[in-house]
Amino acid sequence: MPLPIFAALQVTLCICCRLDALSCVIMMLMSWISATRNCKQLFNTIKCMSAVRYTHSHPVKMDLSGIYPPITTPFDESENIDWISLKSNMEKWNTIPFRGYVVQGSNGEYVYMTVKERLELVAGVKGMMAEGKLLIAGSGCESTSATVQMTKDMADAGADAALVITPSFYKSGMTDEAMFAHFTRVADTSAIPIILYSVPSNTGIDLSIDVIVRLSSHPNIIGLKDSGGDISKLGAVVHKTQNNTFQVLAGSASFLYPAYHIGCVGGVCALANVLGQECCDLELLFKLKRYDEAEKLQKKLIIPNLDVTRRFGVPGLKQAMDWLGYIGGASRLPLLPLTQNQQDVLRKDFKKEGFLE
Amino acid sequence: MPLPIFAALQVTLCICCRLDALSCVIMMLMSWISATRNCKQLFNTIKCMSAVRYTHSHPVKMDLSGIYPPITTPFDESENIDWISLKSNMEKWNTIPFRGYVVQGSNGEYVYMTVKERLELVAGVKGMMAEGKLLIAGSGCESTSATVQMTKDMADAGADAALVITPSFYKSGMTDEAMFAHFTRVADTSAIPIILYSVPSNTGIDLSIDVIVRLSSHPNIIGLKDSGGDISKLGAVVHKTQNNTFQVLAGSASFLYPAYHIGCVGGVCALANVLGQECCDLELLFKLKRYDEAEKLQKKLIIPNLDVTRRFGVPGLKQAMDWLGYIGGASRLPLLPLTQNQQDVLRKDFKKEGFLE
Amino acid sequence: MPLPIFAALQVTLCICCRLDALSCVIMMLMSWISATRNCKQLFNTIKCMSAVRYTHSHPVKMDLSGIYPPITTPFDESENIDWISLKSNMEKWNTIPFRGYVVQGSNGEYVYMTVKERLELVAGVKGMMAEGKLLIAGSGCESTSATVQMTKDMADAGADAALVITPSFYKSGMTDEAMFAHFTRVADTSAIPIILYSVPSNTGIDLSIDVIVRLSSHPNIIGLKDSGGDISKLGAVVHKTQNNTFQVLAGSASFLYPAYHIGCVGGVCALANVLGQECCDLELLFKLKRYDEAEKLQKKLIIPNLDVTRRFGVPGLKQAMDWLGYIGGASRLPLLPLTQNQQDVLRKDFKKEGFLE
Amino acid sequence: MPLPIFAALQVTLCICCRLDALSCVIMMLMSWISATRNCKQLFNTIKCMSAVRYTHSHPVKMDLSGIYPPITTPFDESENIDWISLKSNMEKWNTIPFRGYVVQGSNGEYVYMTVKERLELVAGVKGMMAEGKLLIAGSGCESTSATVQMTKDMADAGADAALVITPSFYKSGMTDEAMFAHFTRVADTSAIPIILYSVPSNTGIDLSIDVIVRLSSHPNIIGLKDSGGDISKLGAVVHKTQNNTFQVLAGSASFLYPAYHIGCVGGVCALANVLGQECCDLELLFKLKRYDEAEKLQKKLIIPNLDVTRRFGVPGLKQAMDWLGYIGGASRLPLLPLTQNQQDVLRKDFKKEGFLE
């Protein structure tokens, strides 16, 4: 096809799709190159390089869009943090196009750490991290004052943003009002932006749509990580916070692809510890609108993901890491390592989808 | 193909699909280019437009793809079935491009009906239904033998397929084995195909992925309606049953759009009783790959949908019907009509999204 | 009163109460002393012995105090009601000092019966029942109108009182207001007294203290069967309804003895199908204030009771019946018979407490 | 009545009731005095004085029988521990016949304390405590190693026994095996005896009968505090651990009296913070076998107890303390103080039972 005709067609298409001028030009050029040279690999590489980050209608304080592994913490035989193994994992993860790392999330066994360890881990990862990536630190505690302090300390330790889990012990007291007051206080006093974190399978508390929407207008609350798996809730939150530059992250690789389709900007995915490239591929396929391939990949990830989250938890995730080139190792007690039977199930499920031989 | 003939065809298609004029012209041009130059990428765009029905890799026994309202049952002041109001509703629904109707699902208050009424309703709707639509009848009962009998009777009454809810009373006895035996027996003895139905918010039973997958290879079990809202489960089921011509229907309009993106073929949506055209629009937008518009519409539907399902249930749905040109009326007791406060909330939520003035 | 006449009376009483000889002699002596000397403390001991029935401070419409088996329904190989086996069971049960029978409760598999069968069973049991016993019929349905009709029909079929389970399908609609209206309507229209029935493990609905208290003042609502096992709730209900001649029945043998101590008047106990005499012994021991023995017996009953309720359900109960001289047989599908493993556990637990050899 | 005849009668009674010789003699004398002098008050005082502590068939390592308030922690306006108010409360509590104190249980807001504060509180209470009472310290943490350390530190700080809550964050990992390993490790390494603590309303974890029974044979695990309210479970545990000198404490005043009747030896009751004397009265009435009075008192305590636990939690408890002569004050955030409406309900309920004017 001659370039002028092609270009005219493309312009029309771009107007149709409401792309901005720059993207339009890039697309045209690439399409032409592609059409002319039929060089698929080059095409993709360029496309991926130019895949502009998710653009909000309002300027965002910090662009969260992308994939994050909530990294696990390796321990030695005495249950001490194994910094060498962590470094080894980090070096591998640094080669994957993650947007950043979540340190001391649920999968980091934060509830089994001392305050000192939590801070050391954040500082440690900061030092091991490839440039340009975000460091999100889990800073939630049960009390508001401890969370305020921990969030400050996390900022000092180098965190770019804080992921704050819902307090949950006194369940009947964790009303919308209590949640609103808690997160507001934390956000008011924090030097770094706050990301809300709802994970009902661990806490028994599902942060309500109403309170999320109210909190979304706080200038220092920039997003939500939701691991509940209720895609309607994610959609409702995206919809009701659209004027607030509020960014929603899927809390699991099981529903990452559909979450993108209702407006989530990325995911914090346990599975990314072990299948990080695949999670990033899914993101890319979505951005490239290669939806059939994305759907296919999404489906392959669901069962392995359920295995390393709901079914076998952190010990399952660490076991899979051991098999796939990372250093998982044991969890701190009371979490027990997988039994032989559980290992067999896990291996079978990873094999079935081609992630293990 | 000569351009004029091609154009005529395309115009017809575009009218069919209710595209605006500009899109129509662009599509025509691109199609022509594609047809002439054999440019695969553009060709695909067209293909999707004309893809009137979900095409399975295997031939399906009955193509379920599309939108179904699980129709409500209007009652008169004495709680008798109000056939005239039902007919009035059906006439309106018949003008909407539904794939068919679900009669005597949860929203039909089937648990409040006698056996006789359940059958009469199916027969009655059969007579009121526009041609070419499917009639799916809820035939589930607590016992296996009653379900077998009811399914047979539903077939005789004119149902094209039977939607069979999980039995649920003796919760600890409703194991995977019990479920497998139950549905197998029902499917073995039924003249019409069986669709599994899992609705944990009513039954407390969530049909497991494992048992669904096992049942999917039964030649007379053709699909699943799942109202649980766990999109990962839907994806896993689609993935694991891909060789069985098994069709999955989203059980709610809240997650219809993301459900399409992981392979669901349609939805049985309470909301379609009252916003039927909008649900069908969502389906069409998905099929036309107009994903931005689909996402936008999906988001507008979530809160109204939650209101007429989880939050206010059948009385909420019927109230909304009264406002939007249908005849909802009261539910049978013990379901109470909405209080004034509840009505205000419902009205506000429908107004906010532009569905009421 | 002269000693010989007094003694003769006492002997009769003791035989009645199945006391051993020594207790009988001691009691006689003490009673005589008491009678002669007007010694209040000893007198009370006697009073309790002769206190055949729970005495309310207000006259009760129908004295419910005592033990009731919620009888199982035996089926033949074709799942038809096996009347001969039922008669055989009834003959054995008639020799046990039950206060009466609950027919078509949860353990009677009422949800697996047609309306006709439910009524036939009540009429049938009426004909097989020893004189002087109460016949309580489960008449609950999902809709209010069906429950009203069924309750009337149960009265016609010979029921002395109706046990009305909470409707439960549309869980979010089953508010206190809905429950209040439902039970009020049923009680208003019933010729026989109504007993409320809350069994959250099957229905997912726990009738609230508030609504029970409100309903307790209805002249035709005479009591509550509560199977939830929350002894605080039972105590609160007894306490708050003390002015209403409202009678509370424990819904399980697992907590029968402590339930007596907070004011319950008896129990409807699945376990009484198979260990009926033991349940009645527990009642008697409580009434005789032989609390140490009662406590001991209560404890022996807990695990067997959990096995035939929560753990293995109706099929477990029927299996135990088969072992202990009754005819249990299979349940209707979808309830499956116990696996060999489950049978082994059940047998071991019954053996351990000495109920099987 | 002449003493010899009376004595003969009493001996028979005592043999009947299997009392030991000493109790028998005491009872005889007291009965005689009572009968002769009709001096009820003296009688009771003596009886209460001689009320021997619960006697186990096996020697117990530490006799836990009695009532314990799980004491609240007062804070000043800056949320610092208010030692003066604590001392004031302790002085009042010291005049009540508690068996001891639980420090840093759920009602002590332990999850809102630093490690240092938790230890200081135990040491502080040790210094304020009346002689002869037991100091039980809540030492549970999420990780096994932290719990081991905390338990050691609690022992050093002066605790007589440690109350160890189930870890709960990774719910799917908290299997029976994990629980068994956790508590075994803690008990193995502790210088003071361990009391298991199950409180599902806060943790979402209900320690199973099986694992409790297995743990009960550990020489350093002496008992269980169970707040679940499932009286059948308490009975089953008492029954199955009867050979292990294992002591069960009711975890709430709502079911304290029935719990005694199935073999519990006392209670850790939030309500005892505010109605301590009443809780001890209930214990005494049970021991004196004045069951009618005990039942009556138990019933009066249920609703106030539900208010300060399930319904309004620690803030409710502290509010009631403020009204009844103690210093409750605010809880640490995120727990909010009661709204005016909630206060009204609480006050009404306490008034209704005569605990407030």
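Just so it is clear, A, B, C and D label the chains in written order, and each chain counts residues from 1 on its own.
Following the convention adopted for this analysis, contacts are C-beta pairs under 8 Å (C-beta built on N, C-alpha and C of every residue); 3 or more make two chains touch, one makes a residue touch a chain.
The chain lineup, named per UniProt: A, B, C, D = 4-hydroxy-2-oxoglutarate aldolase, mitochondrial.
Values in this document were obtained by computation on a predicted structure and should not be read as measured data.
Set against the C-alpha centre of chain D, every other chain centre is closer than that of B. Averaged Cα coordinates give chain C a centre that lies 33 Å from the centre of chain D.
Chain A and chain D, compared by their mean Cα positions, are separated by 45 Å. A separation of 55 Å divides the Cα centre of chain B from that of chain D. Contact with two or more other chains is made by no residue of chain B. Two chains count as a pair here when they touch; such pairs are A-B, A-D, B-C, C-D.
The residues of chain D lying in touch with chain A in their complex are 79, 106, 111-112, 114, 142-146, 167, 169-175, 177-179, 181-182, 185, 201-204, 310-315, 332-336. Residues 1, 9, 12-13, 16-18, 35, 229-232, 235-236, 238-240, 252, 254-255, 257-259, 261-263, 291, 295, 298-300, 302-303, 305-306 of chain D touch chain C in their complex.
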